[in-house]
Structure formats: C-alpha cells, structure tokens
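The two complexes that follow have chain A in common; it is paired with chain B in the first and with chain C in the second.
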Partner chain A sequence: MRRIPIAALTLLVMGCATKTKRTTYVDPDAYGAVEGTGLEARDVRAVADQMAREMLGSPVIQGFEGTPRVALLKVKNRSRFLIDQDILTTLITDKLVSNAAGKVAMLDRALVEEIQAERDAKRSGNIDAQGFKAMAGADFFLTGEVRGLSASTDEAQSDYVLIRFQLTDAESGIVSWSSSYEMKKEGSWGVMYQ
Partner chain B sequence: MGRDVPVKALFLATLLSACSSWVGPQALQAYPGVENPGKVVAIDKAAWKLVAVRNLASDRTADGRLHVRVELSNQSAKDLPVQLQVLFRDDAGQITGEDTPFQMVVLPGGAVKLHEVTSLRTDAAAYTVQVKTP
Partner chain C sequence: MGCAKPVPPPDIYEGGSRQEAIELQRAKAAEVDRDQALDQLRLASMSLAMGDRDEGEAALRRAVAQMTTFQADGEFAARIASEDKKEWKGEPYEKMAAFTTLGMLLWSEGDPGNALAMFKSAVLADTGSKQEAYRSDFLPGWILQALVYAEEGEADNAEAALQRGIDAYWSRHTVETLTRGLAATRARKLSGEQRDAARAAVLAGLSAGVSRAPRDPAEAVRATLALVPDLLGVQASLPKKERLPSLQRFSSGDFTTARRALGPFGAAWSGAVEAMSEGVRLEGEDWAARAEALLASPPGLILLIERGSAPRKVQMGDYGEVLSIRPGLRPVSRPHVTVDARATSPLFLDETFFQASTRGGRRVDGFLKGKAVYKDASLIGGYVALRVAELAYVTDNDAVAAAAALVGGVLAISSMVTNPAADVRQWEHAPGGWYLVAVPATPGEHRVNIGQRGYTVNVPNQGTAVHLIPRLPPGGEKSL
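Coming up: the complex of A and B.
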C-alpha cells in the first residue's frame, strides 16, 4: 500500500526535474526575456551601424584621395560589463565591407604574423606565388572604448554607458574623426553578462 | 438570461471592433502641412497612436548616398521609448538589402526628436522608416 504513493512521488519529482524551457529564436533587436542594464545585442548592433555610417560620411574619409585604409585596433573596455571587445569592430567591418567596398579598405591586423610567414615562405621559394605586393599600410587607425557610470541601491541598478570611436591619422597622429553613442538604463539587479 | 444576450453581444461586438481597428502597418499621422506618403509607418498600434511625423526630408550626399531626416513627435505627456528602423529601397521600390537595426530612441513627453540616417550604398533611391514600441 505504501509503495504506490512513493512511486508516484518519484515520478512527479522526475517529471519536474526534466522540465525545461523551450528555446526560441528571437529578433536581436527585440526586448528579450533576460534583460539587464548593460550592453544588449540591439545596443551593439545600433552602435556598429551608427559608427559605420558616420565614419564613412566623415569629411576626412570623403575627402581622401584614393581609397583610405583603416586598421582596426582592439576596443578598450573601461566599463563594469564583461563584453566581447571584438564584436563592435567585427560588425563595423561587416557593414563597410558589404556596403561600402571601394570607398574604404579595412586592414586585418589580427593576421599580421600569418601573413608575414606566408610572404616569407613565398619569397624563399618553399611555396609558389602568383605575384608579390607590399603589405598595405594604414592611413588611419580606428580605435574605440567603452566607458560607464553606475549607481545602485539594494534593489535597483542604473548604468550610463558611453561608447566612443575615433579615427587617428597614422602619419600625423591627429584625431580626424570621432563619435560617441550614449545610453542610460535603469532596472533591477540579477543579470550577468558573459 | 434573456436580457443577458444583447449585453453579451454588445460586449463581444465592442471587443471585436477594438481588435479589428488595427490593421497592420499604417503611415504615421503627420502634422498639418507635412506629407507622409507611407514613408514612415507604425508597425504596432501603440506607435501609431502615440507618435506623429513633424517633418520628413531626404537628399543626396556629394558621393550619391541617400540622407534621410525624420522628426518624430511624442503625442503623449510621458517619455516614450520607440524603436526605429530604416529600410533602403532602389528605383523599383525593392529593398536593396541595406537596412539599419531597430535603434532605440526615447522620445521625451510631448517633445520632438530628429532621427537622421545616411545610406552606405549609392543605389538607395527611396526608404521606409518603421516605428514600433519595444
């Protein structure tokens, strides 16, 4: 007599333990079920879009003779949020390469060692080559930084985040263009960014 | 019971008419003297009710890209977060493939805010601004 309720209880507990929330695809620009006061997908996409458009329209790029070459440097994160620093420059590069080819050339400095090794191997005759050319030098460096101001109580959190990009002339060091994206959010504690 | 039927029918009719008053994307209302020939549309009912077009213009940059300026007005007294997306279209009205993300803009209560976007490509000839509430 006693075994039946115990078995039923065990089945019930197993049923609860295996219950999971169904994973769904959501629009990266939409509000999600998990939201914090930090950088969300829609913020990152909006920043990259704005920066790509403003940089392309800047007088220094528009007035450049020939195709300006821009080398991307790592974004510095000075905010309290843990973010992938490359995601912003990746999205900016995608926007410009897909839509503004010929107007600006993006240099890949992450592969310098691999490119140099390939060049050396070609020139030593270890592998063949279909022609030689000089490595492209940068006309500008694109740098960015994320900064933040935070305030909190026991229950609520407020964050002001400033994301700034600038183009620096690679010969003179003069800042040729800069732009900022600001946002402020208020919400409750509890979301971790990773 | 007999009196309940007309009341219930009236309630149901009201409910149905309320539900059917929103018929999908609609051009945002515009201020007098401003024309919005379907270029700025609300894609939800709240945006359609609360946001109006105060001004709308487009021109070309020196290198041939399309520059869009839209002034949006918050018709309510409270701050209103909205999301805006610009879709660029070619001469034939087809989407070029270039668009912006749905960017968050907070319209202060009763205030007007300018939103400007310039296309990256030169084949953009027309545009649609989509407005929604988050």
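Coming up: the complex of A and C.
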C-alpha cells in the first residue's frame, strides 16, 4: 500500500522536473544529432583541407619563382543556405599558413584601411616607425563561391552543393588553378510533418 | 497545474502591453522545448517591431536553424498523444515568412549572399507534393532575388529571377482563371457523371498545362487538354494512393468516361475561360510592367512593407483532423507611402493567406496533416501485417505468424487510439502580406511616411538602402 503514494509522488515530481542535459564535446567531423541538408562542420573542414592541400601542390605554386603572395577574398554565397563565409576563409588561411612552410605569403586584405591609416600616421611623424616598406601586392587572388541545386517535396529534400575555389593571376587575370568540392545530401520529414 | 509556465497570450503585444509581452516572450523563447522555434519567431516579430534588430535577427536565426533540420523531438509522442507534442517547425507559409524576414535583415546589413540564400529558401519552401509538382509562386522570393542579383551586378541572374517571378504572378492568375472557368463549365450535352469525370481529369492536368503557358490562359487551356489523355493513361496504371489528388477516387470506368467526355467538356471550358481572360490579361500586364521597371534603373531605396495579419489555423473535420486556413483578422491593404512628401505607389507582392491556402495556385479547403496520414498508414500497415500472420499460421510458419501478429496488433491499436486532431500552433505575428517600394533616391537623408508612421532613411553614397518595415506597431526603428 505504501508503494502507491510513493509511485504517485515520483510521477508528480518527474512530471514537473526539468531534465538537465550536460553539454558534451564531439568530434567536429562526426555526424551531428541535429542536421539539415546544408554545410556542416565536417564539410567546411574537408573543403579547407582539400583546397589548401591541392593549391599548395599545384604547379603554379610549386613552380613560382620566389614566394607567391596570395590575397584571399570573401567567399561568395550563391546557395540557399546561410553560410558564415569567414569560417571558410579563416580555415583556409590557417591551413595555408601552417602547411606552406614559407612557400606562400598570405595577404591580409581585411585590414587594408587600418594598415593604410597606420602607414599615414608613421609617415606624418605622428607615431614613430622602425622603417618603411611598400605594401605587398598580390600575385594571385584566391576566390571562392558556394553554389547549389535544390529540390523538395512535402516528404523529402535534396541539396547538391558545389564549393569552388580558384587562383587568378593578379597581373594577367588567367585562372592558374581551381578545384571543386561537391556534396549531395538528402533528408526526409517524418510522417508527422507531412 | 503546478507545472504551467506563463505564456503571453498572442494579443498582449497588440493590445498595448508591449514591454510586458516582450519580456514574457523572451523568457519563453529561452526555454528548450518543442515550441522553441515558434517562440523565437514570436520574439523576433516583437523585437523587430520595437526596433531591436539585434535581438530580432538572433531570434530569427535560431528559429530558421530549428525549422530547417530534420531532427524532430516528440514525433513519436505526437503519434500517440495530441499532435502538438511534436517539435514545431511551421507550415510552408510560416517558413516562407521567416526566411523572407531574415533575408531582408541580412540584406539591409550588407550581406547580400546570405540574403539571397534566404530568398531562395523561401521559394523552395513553397514546394509541391510527391504526387503533384508545380513551380513555386512565392512572388517576394523571386522579386527580392532579382533585386539582390541586380545589386551584385549579376544582370543575367537578376533577369532570370525576375522572369520567374513574373511567370509566377501570371501562373497564379491563370490557374485561378482556369479553375473558375472549370467551375463555370456546364457542357449541357454531358451527363453530371461525365462532367464530373472530365472536370477531375482536367484539374489533374492543370498545373502541368499552366506551366507550359503561364502568361496565356487560352494557350494554357490548349496545353492542358493536350496533356490530359496521356496523363489519364499513366494515372490509370498507378495505385490509387499514388495518383494525383483529383483522380484518387477514380475507378477504371471513370477513366473511360473522362476520356470520352474530354472533347465536349474541353470545348465548353475553353469558351468559359475566354470570357474571363481579358481582365486578367490587363491586370497581369500592368503588374509585369511594374516588375520589369524594377531592374530598368537601380533603386536607391528599397522597402519591404509588411501588411495585414497572419492567416489563422483552425481544425476541421469530424475529429479535427483537417488543418484549415482562414484569412487573418486584419486585411492586407495597400499602404499609403510618401518619400520626401512625394506619393509613391507600392507594388503588391504577395499574401500569406494565399500561400497558406493554395497548392500550385489552386485553392485547397484543408490539409490532412501528419497525424491523419499516420493513422491511415498504420491502420493499413496493421491490416497487412495481420493478414501476413494469418497466412504464415496457415502454412505452419509459427514464428513469422507470431511476429507479424505482434506488429499488426501494435499498428492497429496505435491507429485506433491515435487522436488525429491537427496541430494549430501558429506564428500569430507573421505578416499577412508584403508590398514593395523601390524608388530612386539620392545619397543622404530622406523622409518616408507609411500611413501614420514616419521614418528617416539614410541612403548611402554607394549602393542601396534596404529596409524591412514590420507590420506590428510601433513599426520598427524610426531612423534607418
């Protein structure tokens, strides 16, 4: 008899209790519990890895006399997904800088205004300087874009995404290297969402 | 009762207690539960109306992320208990509105790439079913894509998106004209049975026919009538469930009747449509000309103005199993807009109610949603499994018989206990529709009045000033 009120109390308490879930670290390359058909962390990491590796191994970089200077521009999003373009450029820059071992110099074009202001202040004598040099010009522009093809019904959704990077000679405009990363994902809505 | 949490009634905000409503909504949106995406959208609407773009955008981003994943908490519970136990992800029209709102915010902040992504997602949310494919007719999605592409200097893509938008506009009006024509078609030489069969057959081919000639109702009629005989042949070979909706009740005799009646019915239909086409053509040409003008000269100022209130979801049917959509309480009226005291005529883009209550431009009375679909499927599955069990028992395959009987029993019982009432949770603050203002404007400050609301808009030296004007009072930031 004593078990019934205890069970009832337990049920009542469970009914009102808020279940506390702990945050856990997961491998960024692992499949997540919450996913759509867009770019996930593992795709972004795979793209950065592939692009940096292929670009550094390309004949245009390997055969360049001296150290090629590369300006990485903002990635253009033409897919249907919200994308933080800076994540792609940051990861690729990091990979290029850490793997290039001096074979490539990356130019920071995001700070051009700040650099110019600093240079002007130094040259006007407002702040001191340990020497002057010309701003580095780019030998290549590294540009990227994300494109996609999508289809959807009330039951399922399919997305093909193409991420393409190319290296363009800053003097001639010739595309010296390019590479693409493709992915296709499909997802389906449960019957309760149809 | 002790577990209840305060939920702001939807009309607190509009009733005037804005600060109280937004604080309650903020607390609600922070709770991780099945309504979180919906609560984030409600918070976004209120925050944007109060001029807090940062909070509005953050809430919209969280909502959109949740609405677009396939993970769904509570789906199993929703099969057994009430359907609103499942995680809320919104109806297609609510997704379109959420994507459009976020896209406008991102564009106004100088992120055209992600804005474009949201407008594309909005178009994709207006999706066909497996049985019935049609082109999206969500006009804001196409027109805003065209304007972003134009700003990005991609003239070909801008033109392509604009033409898809104009096609969509024509398409919806052509579908409406053809559907009204169908209802008015008498074909007196045919019996009632013949007329009904022919009408259902034509209805099945309507979307495909209109997609061949969206801008010409007469040509769309001819295209539909040319398609229908082949369509009937294919549909007759399919199981009933896989057929187009209007043909699912057809017997083999109905297919024969429809084929025979198609000639005289088609001639009468064509005549009925012709009588209705002229007004539609004039209206369509006017709208298309105004849309074409958007790309002719780059605007300095673009405003997307939300109007009217969101459609209302109601339960219909014996068990409330049909989700029916009713118009919002406030109509989508044309706003009176002046820029620097000069009146400008906003371009009508779309109504949320139209998107919510149509499929491929055709009005639909109601939708059988997940629970009713599940109830139907599980009952059939249960019956099949029990028949398998019976056969296995007869053939002395006891193990298979026991397993099939168990599965069949569970499915049949779950179907019987399932409460099929449709989920009517809704984003009450979604806009009822949208108007577009796109005008040339020199760099510097401009005074914009929309009805009783006044805004100061700053047009940059380069590029375009882009802003969303929320429908909820007080109407967002006053200095843009």
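Here is the rule we use: the second predicted complex is superposed on the first by the 167 of 194 C-alpha atoms of A that agree within 3 Å, B and C clash if a C-alpha of one lies under 4 Å from a C-alpha of the other, contacts with A are read in each partner's own complex, and residues count from 1 in each chain.
Heads up, the rule we're going with is that a residue touches a chain if its C-beta (ideal position, glycine included) is under 8 Å from a C-beta of that chain, and two chains touch if they have at least 3 such contacts.
Note that the structure is predicted; figures quoted are calculated from it, not measured.
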With both complexes superposed on chain A, which partner does A:170 reach: first (chain B), second (chain C), both or neither? neither
Examine A:38 and indicate which partner it touches, taking first as chain B and second as chain C; both and neither are also allowed. second
Just checking: does A:62 make contact with chain B only, chain C only, both, or neither of them? Give me first, second, both or neither. first
Is A:162 contacted by the first partner chain B, the second partner chain C, both or neither? neither
Just chain B (first), just chain C (second), both, or neither: which does A:99 touch? first
In the superposed arrangement, which partner chain does A:78 touch: chain B (first), chain C (second), both, or neither? second
For A:46, decide between first (touching chain B), second (touching chain C), both and neither. first
Once the structures are superposed on A, label A:87 by its partner contacts, choosing first (chain B), second (chain C), both or neither. neither
Which one hits more chain A residues, chain B or chain C? C
Applying the document's contact rule, which stretches of chain A touch chain C when the two form their complex? 15-16, 33-38, 76-83, 85, 150, 152-155, 157, 187-194
Residues of chain B that touch chain A when the two form their complex: 61-63, 65, 83, 85, 98, 100-104, 117-118, 120-121, 134
Residues of chain C touching chain A in the complex: 2-3, 61, 64, 68-72, 75, 78-79, 83, 86, 89, 102, 113-114, 116-118, 120-121, 124-125, 127-130, 133, 369-371, 373-374, 377
With touch defined as at the start, can you tell me which chain A residues reach chain B in the complex? 27-31, 42-43, 45-46, 49-50, 52-53, 56-57, 62, 95-96, 99-100, 103, 183
